[in-house]
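One structure, pasted below without further comment.
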Amino acid sequence: MTVVVFAQAAIPRDIGLFEFLFGAEYWTGAGGILTSLWDTVVLCAAVVVVATVVAVPLATALAHHGRGELSVTWIVTLSRAIPTFAVAGLLVPISLRRGLGFEPWPIFIALLLLALPPIYLNTYTAVKDVDRGVVDAARAMGFSERHVLFRVEMALGTAVILAGVRVAAVQVVATEPIRAFLGGDGLGRYVRDGLGQNNDNLLLGGAILVAALAALTGVMFGLAQRLALPAGVRRLARPRTR
Amino acid sequence: MSTVTSLTLHPGLEELKGIAEVAIRLDEVTKRFDGTDSDAVSALSLEIPRGSIVTLIGPSGCGKTTTLRMINRLIEPTSGRVEINGLDAIDQPVTALRRSIGYVIQQVGLFPHRTVSQNIATVPRTLGWDKQRTAGRVAELAELVGLEPSMLDRFPDELSGGQQQRVGVARALAADPPVLLMDEPFGAVDPIVRTRLQDELLALQEQVDKTIVFVTHDIDEALKLADRIALLNVGGILEQYSTPDDLLRAPANEFVEQFIGEDRGMKRLTLKTVADLPFEQGPVVDIGASPIEAVAVADAEGGDWVGLVREGSFAGWARSEDLRQGAAVADVPRSQPAAQVTPESTLRTAMELIMTSHTSVAVIDDGGRFGGVVTLDTIRASLVAEVDR
Amino acid sequence: MSVVAQAANPIIRWEWIVDEWDQIQEALIQHLELTILSVSLGALVAALLSAVALRFRPMATPITGFTGFLYTIPSVALFGLLVPYFGLTRTTAVLPLAAYTLLILVTNTLAGFDAVPASVRDAADGMGLTPTQRVIKVELPLALPYIIAGLRIAVVSTVGLVTVASIIGQGGLGRLILDGLRRTFWTPMTIGATLSIVLALVLDGVIYLIGRAATPWAQRARTT
């Protein structure tokens, strides 16, 4: 047991799939599943938080003042065209030359670029789409501009914004494993190691872990969406069908 | 591939077309939609004469559109027979049937990805006409419905609502079908354009003589266009099927009366023209007559004005007062008529003009010649006379 | 790093580009091949799935759900899952890449057909077009803008995912990136990354232009 705390047992080449997934010794320790999981979660959470903190106020401000229509189309085009792996790869040499090492900046920035568009776009759309009549009515009742902005638009738009955050989170978690191939660790390491060692079960196990985490993220955010909004607002925020 | 039965509806076989007097016969046609517990159309029987315009009209839910769509089998009847040119519609292959029936709908449904001429050419191309024949036909139809040749290469999106509907009509007539189905075709355009399209449809019918079944919810449109009106009640119950004038003069029951509205007398006035009235000279005298003759006419008719006619044309109204002064009739100051109609004007227009000007007579201008006068009394008399019949 | 070492290892060493031009070209071509193969396969399957969903309306939701499910599987995981069965071959790369395009292609195709106005379909039926004629001559052209938009997204995201496929040796330009990483030699990384971004943008533009050419009616503005 003491050995396991400080250094994870090397994963044998002939390990069985379930042995790996459910064996306690592979979960604990510096190279263990839990540590890798933690690495991944910390990075992804940081990315999502920063993306939200940057995108939401920016998009809200622009949308409320009716500016930035062009920015929306640009962001859509660019975000689709930029392969995250390429961006991260591009940033590694730069990071290294500045003495910042392989991690975390290249992958962090690359994932941030991935997370920003869905949150920005959804926030922008949400704020724009809020029923004009509601806003006008509130204005007519004498609220100040800022009051209108915060109370009415944020409440109704929250559902849509949350949906954007969810998309961003799932995408980030699903893409994060490439980090293991760019000099980092995280859950993707098992796929990397499995490929490197020709260890099929390790490979499969790693793949399953990665997939499971992505699915879990989606489910968790789905729950958060349900819990965050009262039924009435949720009904209002449901996208209108044609 | 066409069987004999579809061939008889295939345009081009002139000899078979002229057979039946009744173009479309609906025989106890019923439609009940799945999941509903009442008939949309209930045992409707109707005969539509060849070459006539028959309007189906009624309140929401009366099944007029359903009935129309059962003729070209866009909806299949639950029971009953639809006969077209003597043949049961069920027996035809459905696409062949539809290609021999023109179909015009309110939203037009032009293909956005095809030009105007390509749209019009749709059925001919489907029937396999060659390019030359098709192009000729498209040009012919464009002229017929009043489309500029420059519009032929445009896309529907570039046209106005009225122009689009003209294309829709042209498209429906492309393969020269004997029957035309129209479902509220003019409902989506503004009133001015609508009136123009209605007039053009009537003019068109003069030339092409189709059997037209026309669905509308606008009683005035029906009265204007139809040779016969079929008034349906909710559930497809036929309440009355008669000419517009008969419908107004003798409504079959309270439902009909209420549907037409309280002003059916007034509506009847739109069905008649000034030409239908007996000639009335009115207080009119030749401009060359002597002042005494003029005054005599003024006294006889008892009005404040006397009309002056010069060589068969109306020259203006002169005040009776002025005529009594004794000056030559030709020198008396004249005013132009405040109310003037032509023989083609409806009695409704005549009445409107008379009521809104400060005269009590309208002058009839028959191509520049004086055609008599119209008074409110004459108009009233013409209405009343028929009621007693 | 010493100054000398840094000078020997710049972000881009231009001589390398000249020397290894063949390698770069090969990587680019492989990247392009993989993209085209995957999107073509995806388009084929998407067409079939869309046809089924359109013909049998109840199937639309399960089909969309299935393609959506495939999309949520992380690329690293999906590549990893297939390696034990297909090895480090092109198939292992193409299958997941094609699978990822399904969601957007099916969703956009269905949306495109959905956008055809009911009156246009009604008019087509009323004029005696057979259902097949109506779908092919009327509905499909009108759905084209949506389908093309979907293709653009599919192509662009596939270009990005092909770089990830380099982890199983099938990455085209991604190989340059990994190669450079392994050798701690930056030029191939920079080139690989830049070229994949450029390729994505170029392909996006090409499909956009093709789309414009195929839909002349959508370009004309309303005159009234």
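Should a chain be cited, it is by its letter among A, B and C, assigned in written order, with residues numbered from 1 in that chain.
Everything below uses one rule, namely that contacts are C-beta pairs under 8 Å (C-beta built on N, C-alpha and C of every residue); 3 or more make two chains touch, one makes a residue touch a chain.
Just so we're clear, the structure is a prediction, and the values are computed from it rather than from any experiment.
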item	value
Centroid comparison with subunit A (C-alpha atoms), farthest chain	B
Chain closest to the assembly centre - both centres taken as Cα means	C
Where subunit A and subunit C are represented by their mean Cα positions, the distance between them in whole Å	22
Inter-centroid spacing, subunit B versus subunit A (mean Cα positions, whole Å)	66
Distance from subunit C to subunit B - Cα centre to Cα centre, in angstrom	57
Contacts with 2+ other chains: residues of subunit B	none
Subunit C contact footprint on subunit A (complex, rising order)	77, 80-87, 89-90, 92-94, 96-97, 170, 173-175, 177-178, 180-183, 188, 191-192, 194-195, 200, 203-204, 206-208, 210-211, 214-215, 218, 242
Residues of subunit C touching subunit A in the complex	1, 6, 11, 72-81, 83-84, 114, 152-153, 156-157, 159-161, 163-164, 166-168, 173-174, 177-178, 180-181, 184, 186, 189-190, 192-194, 196-197, 200-201, 204
Subunit B contact footprint on subunit C (complex, rising order)	117, 119-130, 133, 138, 141-142, 215-217, 220-224
Contacting residues of subunit B [partner subunit C, same complex]	72, 74, 94-101, 103, 105-114, 122-123, 126, 154-155, 157-160, 168, 171-172, 181
